[in-house]
Amino acid sequence: MLARRKFVNVVMLTLTGVCTVTTVAVLFVILGALIVHGASSLSWNFFTRLPAPIGETGGGMANAIVGSAQIVGVSALIGIPIGFLAGVYLSEYEDKKFASLVRYIADLLNGVPSIIVGILAWALLVVPMHGNSALAGSIALSVMLIPIVTRQTEQFLREVPLSLREGALALGASKWKMIATVAVPAGSKGIMTGMILGVARVAGETAPLLFTAGLNQYWGGLKDPTASLPVMIYKLATGPYDEWHQLAWAAGLVLIVMVLTANVLARMILARGVSVPRG
Amino acid sequence: MKKELLTCGVLAAAAVSLAIAEVKINACGASFPDAIYERWFADYNKAHPDVQINYTPSGSGAGVKSITERTVDFGASDMPMTDKELADAKRKIYHFPTVLGAVVPTYNIPGVTQELKFSGPVLAGIYMGTIKKWNDKALTSENPGVKLPGDDIIVVHRTDSSGTTFIFTDFLSKVSPEWKSKVGANKAVSWPTGLGSNQNAGVTELVKQTPGSIGYVELIYAIQNKIPYGWVKNASGAYIKASMESVSDAAAGVKMPDDFRVSITNAAGKNAYPISSFTWMLIPADIPDANKAKAIHAFLGWMLTEGQKIAPTLDFAPLPKPVVDKEQKQLAMLEKGAH
Amino acid sequence: MGDQIARLTALFFACVLIAIVVLLVYELFSRSAAARAKFGWHFLASSEWNPVTEEFGALPFLYGTVITSLVAMVLSIPLGMGAAIFLAELAPVKLSNSLTFVIELLAAIPSVIYGLLAIFTLVPLMREYVEPALKAVLGFLPFFQGPVMGVGYLTAGLVLAIMTVPFIISVSREALLAVPREQREAALALGATRWETTWQIVVPYAKLGILGSIFLGLARALGETMAVTMVVGNLPAVHAGLFWPGSSIAAAIANEFSEAGGTVYPAALIELGLVLFGLTIVINGFARLMIVATTKKGSKR
């Protein structure tokens, strides 16, 4: 009966709208909760002071913020070049069987649970170095960063039109010169997006840092255990003290603002125009 | 912005230390004494800005493991290292008792603000899952006058390897033969029932958040978080509330062996709190870095004198004088060996 | 000459990826040797987890990992597909793109933040309202039994569902958008309603991509650590009732790895990691096959 079918039509289509609204609403609930609970604890102290012992007020998370920046920064220094060049290889130097192997490996690495990556970094660095270190944490994060950058680099390099490449080669450029001066700049927006998104992703990871970088109440150097925002949030959220919870909310707010800003930035770069020359 | 902060931090630290080399010491272990250790390390750092002791309260099991694997400079545990653990460490490790503390049964029962009384076998029954509800006869008979609800008891314990667990299960093993044979006493046991969380902090949090729950934590955690804790029946038959006095009573007259490994649970004294314990710092005899060794020995000396005065402010009982004297002799031996 | 160097350099870095995976597998295998030797295949079937007697079994953790992920899938598949259909078929292009962007932001939120929110807002909600209501209405089913604590398999599954939904939406939407217009127009011309066209023509056409998105989401859920650890209750046992607290492989490793002493205990934890690694490779492999098949199918037309 047509009426019944029409009824089902309206109901189901409305439901799909409900599903969408529900999902979108979750983002705003999360942001809202973080702002409501965390904004009040953001203060000058929060950003500049070291943690205070239990019972004393006025402590902050300066070491965790700087620690995160340090760990993520080093992991970017290690992971971005490796990922980028591997992506260049996959896109520019087609060695069919080998390239598909590398591609498969990159996807595989992408899917490895972050805690397992932590075990790898622990085995490679914490054990021989006899202790936690920021470097071990950075290595763990770079292992997660590399496949992301590799795939994004490959994808955006592939989209650079053949005509552009052939033009450069016809003008006498060697292959590597063509890649460096024509292909990469043409795909640069997408490649950069991949790097930014990758770094934002690893900046929020907790599990790989649990037994590599550990925690520290003071500043940590490359070879010392180092506090980081995500691990501090975990410690503070699962502890009993209300001051800890407030700090956790505030730190969560800082972290989500950083991550979401990076994501929005990356999108804007991409939207501004992946270079699509009229060729 | 972060670079500037880091530069400022480094410059400030450099300005303070000048010609003095900065000594960074890493330690990890028991969460039982974390409150007093954090205070001690912070105060010591204020008095000696060149010495930074970074302590991670990941549990006594982690303390023993990391001192064995040499991933820290010293460890901490509420359970003395067993002979096997000492053998696995492959080097001489000294036990230095630091303070006396108490493990209390803390609970969150909606509508009940009074302090409940527990006897050992009842606690064992709860943790074995044989006593399932708050208004079980065993509990109501010990607490006449308290209206206990018919809710299920939600048991909370540690997931990580914990000296606090050892102290608690050591006590339970002494008062309940069934517990001793079924579960036993150790830093990590096969729990018959219950939810788990990490470190004293995690258990406290879980109890705070879960109506109907019971957990075991060090006294200061219950006090600082304002959650009720019960009185426990001791070996003399009296119900005792954990306090510095009742804990000191448990340690009074203890025959301290030369290696300082001793248990004082279920002590005989009339006013002794039955779930009391020493807690130890695990100090290796040979610390490769001479600066670190000097700093650690100096800290231990401070801990035995100044540190003991601070302990009561956080409701930890200071060490009995005979124990302090004995430790100072051990410290002297340690310092001699280091030269 | 410059080309040779460039090629070799790029090749070298591509090999670094292979080296990383080789190292990973090697470390997982060699460091779990003590446990594998002691327990053999029995490890997967045993529920014993006793650090004192050094008897370990993976069953409670494997069970918890699978159950929480299944709960997550049961919740996120309908939700995700519903939203994907709306975004691909109903919403005007600009709206669809902006909403998709917002939903993809959800995928970027760190899992510890999901955990933070879950502990303080979701767990009390579950404990005070949702679980008692479910127990009252559906308590006769074995799934809706167990102590009402707020933490447990159901809560963990719910958090995982929220975390996997963006993946399902994103990939399914692409799959749906790739279905050629003619398919829809033909169905509508024959008198089908919008919904009938979508459900009976478009979705089946895109089913490989949609299935791929589901497996992708599943793989993500299986390996998720922090959010699950914070709300699953950490009880190493197997229970059918979803209100029961449990554990998962990732949660066990996160909680116990730092202090697992001796040789067998850490080896058992690493063996758990090996099991999880194997599981995610298989699931990810399926996902990849399906998504690749979709693009191949799309390009054929």
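Quick notes on this one:
Each chain gets a letter, A, B and C, in the order it is written, and its residues are counted from 1.
The working rule: a contact is a pair of C-beta atoms (placed from the backbone, for glycine too) under 8 Å apart; a residue touches a chain by one contact, two chains touch by 3 or more.
The structure presented is a predicted model; accordingly, all values stated were derived computationally and were not measured.
Both subunit A and subunit B are touched by C. Highest inter-chain contact count (C-beta pairs) belongs to A-C. Subunit B and subunit C have centres, each the mean of its CA atoms, that are 38 Å apart. Averaged Cα coordinates give subunit A a centre that lies 18 Å from the centre of subunit C. Shared interface positions of subunit B, i.e. residues touching 2 or more other chains, are given as 197-198.
Touching two or more other chains at once are residues 119, 258 of subunit C. The multi-chain contact residues of subunit A, meaning those touching 2 or more other chains, are 238. Remark: subunit B residues 2, 5-6, 9-10, 13, 24, 26, 35, 38-39, 41-42, 52, 54-56, 69-72, 197-198, 201-202, 204-205, 208, 221, 224-225 touch subunit A in the complex. On the side of subunit A, the complex with subunit C involves touching residues 5-6, 8-9, 12-13, 15-20, 22-24, 26-27, 30, 33-34, 37, 81-82, 85-86, 88-90, 92-93, 98-99, 101-102, 104-109, 111-117, 119-120, 122-124, 143, 146-147, 150, 174-177, 179, 197, 200-201, 203-207, 210-211, 230, 233-234, 237-238, 245, 248-249, 252, 255-256, 259-260, 263-264, 267. The part of subunit C that touches subunit A in the complex is made up of residues 2-3, 5-7, 9-14, 16-18, 20-21, 23-24, 27-28, 31, 78-83, 85-87, 90-91, 99, 101-106, 108-117, 119-121, 162, 165-166, 169, 193-196, 199, 219, 222-226, 230, 250, 253-254, 257-258, 270, 273, 276-277, 280-281, 284, 288.
Across the complex, subunit A meets subunit B through its residues 47-48, 53-55, 62, 65-66, 69-70, 126-127, 130-132, 214-219, 224-225, 238-241.
Note for the complex: subunit C touches subunit B at residues 48-53, 119, 123-124, 127, 147, 149-151, 233-235, 245, 255-256, 258-262.
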